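What follows is chain A paired twice: with chain B in the first complex and chain C in the second.
After this line comes the complex of A and B, so read on.
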């Protein structure tokens, strides 16, 4: 555990939130994409993606220190996986569309712009909170350099 | 009375260390604000320190003054990381209260600055003495 551990913790969160922001952007960008992936020769629309976060405790050192009864290792956060939203696609009647089925319906992605905007704002706020924490830690370290001045 | 390694300096040192641990715990809580089922971490220090100062706990029984002293030190004592398990703030099992964490962050920074200030005050006193009051 170095003195920069606190900064690494905040930095890991900044990385995670930035990835979350990327995923939100991808969802918004692909809100109308009808050709997300090819399944059995048929085009499936883009599926909404979400990030799964978990505390970063997978290292051997953190498990060892926990088993030894000392303070639990503090390692920040990481993105465990990017999963796909399984809610059904939207059906829109548009017979002239090249991806329409026999009945004239096309499948649109299960992206809800409202949800994405809420996620976007949440991500921004979390990012800001972590920047504040990082700044606080930096100021503490700088203050420590003043000992004995 | 020792000049540099006296109880005040040691206490300040311990307090600085634990303040740093608390800073890390707060950073960790803020980092995990969106993690499902994450429980906020808490650093307990001042109460434990008061207890430690009050009854000095275990101290080595020395039969010779040249024996090494152990126990009774305040160096690594008193800082414990605990988990707040009995509450839920969000629907995903997460109980990080961002307002509380930000307040704790500000408090901890001021506390840390105050400790540094006191330590510097102490060193300045020594410096005055060494400079024969000049």
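After this line comes the complex of A and C, so read on.
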């Protein structure tokens, strides 16, 4: 429905930011995880994850409205994929660790807590911005109801 | 959720404005049908909001902001209907006060 379109756009952004928040939390939680996944019988550390976002255009309704010649459908955002950061793992000398290799080094995840904290702040601010946009939209609708009062 | 029923307002106004042959009864019927329709729509929004809240309370997979937004949508829809209803009642009373 058209009058709530803006709200739906903000809602999709809020959902996306929540997912991003979950991913950042998972990264922080697994910052020291040495047994992320088993590859050829050997433990690989946890790999940092990132979200990839794209405009939400896949809905049938948006394609239909575009084909019908109405103005460019306004779309929200959606998370296309969660990808893994390919930067190399950190090597730390810790020979007493059960996952240490023959040289006494263990591989730690490529998670940088500093980066994660920045991402966390970004996510929080982005969420707040979208809540503000949603509130503005609602206030606009309520203002419209005051016309002629 | 649909307030496009408001466009039907034309169909209520028309018999009064343009065709003098329309009987008061018909106008009344059109209005009550429209009112029923939009109240049904608003009710639908309220039900959706209630379903979302229940889902959330039951711990199902629904986001908190979705619950809040559905509630806000229901609230805006309700206020729109109340506003339109006030306008219609107001014009009715205005006509009733008319001196003949």
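To be clear about the criterion, the second predicted complex is superposed on the first by the 141 of 149 C-alpha atoms of A that agree within 3 Å, B and C clash if a C-alpha of one lies under 4 Å from a C-alpha of the other, contacts with A are read in each partner's own complex, and residues count from 1 in each chain.
The criterion applied here is as follows: a contact is a pair of C-beta atoms (placed from the backbone, for glycine too) under 8 Å apart; a residue touches a chain by one contact, two chains touch by 3 or more.
The structure presented is a predicted model; accordingly, all values stated were derived computationally and were not measured.
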| item | value |
| --- | --- |
| Partner chain in contact with A:101 - chain B first, chain C second, else both or neither | neither |
| Touched partner set for A:77, first chain B, second chain C, both or neither | first |
| Dominant toucher of chain A (residue count), chain B or chain C | B |
| Which superposed partner A:143 touches (first chain B, second chain C, both, neither) | first |
| Touched partner set for A:9, first chain B, second chain C, both or neither | first |
| First, second, both or neither for A:25, with chain B first and chain C second | neither |
| Contact residues common to both interfaces of chain A (with chain B and with chain C) | 3, 7, 10, 134, 148 |
| In the complex, chain A residues that touch chain B | 3, 5-7, 9-10, 12-13, 16-17, 20, 52-55, 71-72, 74-77, 122, 126, 129-130, 132-134, 136-137, 139-140, 143-144, 146-149 |
| Chain B residues within the chain A interface of the complex | 16, 19-21, 23-28, 30-36, 38, 41, 79-81, 98, 101-102, 105-106, 108-109, 112-113, 116, 119-120, 123 |
| Residues of chain A that touch chain C when the two form their complex | 1, 3-4, 7, 10-11, 14-15, 18, 131, 134, 138, 141-142, 145, 148 |
| Residues on chain C engaged by chain A in the complex (per definition of touch) | 1-4, 63, 65-66, 69, 72-73, 76, 79-80, 83, 87 |
